[in-house]
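Pasting a structure here, questions to come.
Letters A, B, C and D name the chains as they come in the text, with residue numbers starting at 1 for each one.
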């Protein structure tokens, strides 16, 4: 029997598979497909303080083995979300993670404080890397000082553990990760989407009203793996890896590169029960390779 | 009749299609497939001062819609290359571009000066962005000051026009492009490959002895398009766009985003005559969309 | 709603880019109601990545039929499916046309829009009087006539843009007259966006209830990605996949 | 060397993961010589991106035959090719076995390595005496025996790891004896890497000329990407695609 559990230090998860924010709705939508208890944890759609409409359509465009999205983080606002969480919490004992968004540092803080201490909330994931929100796509996670300032401020104000989600659109990912660690992050997740673009030749316009969009899916996996490996080599807190994961084999590669757990994103859209298949594949591959537990593998890349 | 010619200021090309360095050998290898005169220009494999073996195999790995490579720039050294150029020059009147590499600033300078003024050489492309050469993958193109210093030094020493090839692995691509422009670059090409990684679970080792590798191919197209658009909006010299181009439609998208010409990379491996098909498709799409000449389209994205 | 590996039973080219696909799915065939759609994975590789949405043309347990048009990469791959191929199918998805009995329903279909309309006629013809207006670009696109024959239709009006079959014109050419003459109290329609707009101009004026089956770019089909939204008059963006695909036309902010 | 769209004529499952593929290519079938290979595009989408290399098993103008084993994604897609499918094929590529006449040649094939060896026997049997050692993991992998029957062989030795067909053992079990007894002056071999190494131990000692058809990860197949290199004793890295795939074993830095 292989042991799939992973330890983030402040919490143990029964397995390393965590559906990623924005690709798992509010969890409930997956109840027709599987029991949420099977997951390591799951992350709700990103939330701002107030209700948001999101961007005008089109909001997605397929690219070779990838997906560009410019959804624009629509949502009901934090008060409505609290009700949803309380409802979802009834259907599962799996840890629930909130994806905290903000247009300003103050908004991040307000949202984080609002959910702080809720027994239904296991971790606050700070989405300091959403490329759609500000014009040109810049975000706090593209600046080590901004990252430090923001994470520090939130860490000082909340007691719920925080996971800081990084952006890949930087020269030196480790510098950002180290800033987050020094500011008190309990763990780090990466990567959010890569800045991309799509054009419509006929109208001579960008496909997305926002011009740029975020690339996710299998296309980015080799890039994400490199980023996770770099960060894991440079921080001492747990790293939660993601980017283009579609198989159990992919998960084990991220863990070998140094991730303690992983998030599953775009593939949830294509195959609702992907996470469950992936958990099964992790088990099978571990048995095949005679890996008794995941700790044995984490960061054991021989370079 | 549509007009495919493009003007880089210092040179006119009969069309915007330029096979990219490292994916077109020394040009000669394509003679069985088509007449090199049909191309806008073509770029030879990257060259260092001395002979190089390149990296130990494996040197490539397929990824979803992409290709990781860690070839390690093997080559005969600049003296041997000169002979090859003189030979290739006999078979075509199409402008030949040299891809100048270096492990140090001095080496770049030595190579650039060596080819400077050769009548067979139309442009020197400074490959200041090869991620395979230095450990960790850092390169001059990841630092605006280094870019400025290196480009300035070379520009002062050579009279052949220079094209500076940028790396995508940066937070702010425009800052690097502006540095190159200010240092005297005649034009800019981007993007080189994205830093990526592949692991082998069984051996628990990276697939590539060099650990990291460069990602190219269709997977990166949306990312490259965004970078080209940003750079074209921030410099006044011509931009030569590339990254995952496989069709004439792709080319026109890069041009709409602001590129004056384009480079064709990975698809050359898969389909030797890809460049010729692409030229045909450009023509057809222009006719269909009633675009009389490419200048009419360059940078005309309505945002 | 289930995501299952299903067997392809038949894939018939009706004419040009129009095909009928027969899929074995006990689960979906037993549950689907008119308006429902499915998401089909079109490739066993990572490219294209997303499933494609297709309305249900007919259920015939344990089979379902899809009527589709090849318009791009994904639908071209569907046209290459062979009997025995196994593909992943998610469904049934979406809402349905409103329950209606003892009424005169006018069905309006443009091109491939006949898919959900055909299914709706099958189900509603027992308890209602059905008329159908069916339009296409030309004769070659109006290619399901044989399949429409067994249906019980009060009125069947055909239109083509070039007049090569039926009347020259489009589905709205005689719409007002038809609604008034046949005592239509409600319309169900499916077709291209501009068709909806012209229909709605008439139905709004005549105060005829008007339900449309809309299309949108879909990332998931089951409500999690928020990519398929349409602007409504009162409720902001609504998801075509779970709030639709059938909408009361009065709700849409055209 | 040409990159053409070719018609698939037949795709025959020989046994388990082993297949024969018949491709229509006037151009290649007229030019290919033993040792040559082709690059086949396995998908009409961007995934997988690269063509896959396969040795030529036989030419039968205007057809060529490929003998392949399903080992991963790309070869699985090849196994799904149907007659009438059109695929892009680049070839003929690579060098050939050395010209030899009036000699006793020992051919050695492991598993799918029979492909170039089969082609070589066909061509060399007229002017040479040919012996063949053919090995596999088990009976189920030695599945081309019928196709070998028409060949003119002095000696045919079969081996399987489990002894389920031929002798238990591998192609090198009786290699020394065979070379000496049959007066072999040269060997042509194709198989897995460790097979080459053990063959070379024997041939080097006996000073028998030894040519091997090597495999390598190939990006392009025609010499531009430098991905397929192998370390040689004297000339550094050589490209398997254009300097090979046939190498004099003395040249390779094992």
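Please note the rule applied: a contact is a pair of C-beta atoms (placed from the backbone, for glycine too) under 8 Å apart; a residue touches a chain by one contact, two chains touch by 3 or more.
Please read all numbers here as calculations on a predicted model, not as lab measurements.
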Listed by label, which chains are in contact with subunit A and with subunit B?
C, D
Taking mean CA positions as centres, which chain lies farthest from subunit A?
D
Intercentroid distance (Cα basis), subunit C paired with subunit A, Å
37
Report, in whole Å, the distance between the mean C-alpha point of subunit C and the mean C-alpha point of subunit D.
53
Using mean CA coordinates as chain centres, what's the subunit A-subunit D distance in Å?
47
Hunt down the residues of subunit B that sit against at least two other chains at once, touch-wise.
64-66, 217-219
If a residue has to touch 2 or more other chains to count, which residues of subunit D qualify?
46-48
Line, ring, star, complete or other: which one describes how these chains touch?
complete
Write out the stretch or stretches of subunit C touching subunit A in their complex.
1-3, 41, 46-51, 88, 90, 216-217, 219-220, 222-231, 236-237
In their shared complex, subunit A is touched by residues of subunit D numbered 46-47
Subunit C-touching residues of subunit B, taken from the complex the two chains share
64-65
Contacting residues of subunit A [partner subunit C, same complex]
22-25, 29-30, 32-33, 53-54, 56-62, 64-67, 69, 71, 74, 217-219, 246, 266, 268-273
For a test of understanding, state which residues of subunit B touch subunit A in their complex under the given definition.
63-66, 68, 142, 169-172, 194-199, 201-206, 211-213, 215, 217-223, 225-226, 229, 244, 249, 252-253, 256-257, 285, 289, 297, 300-303
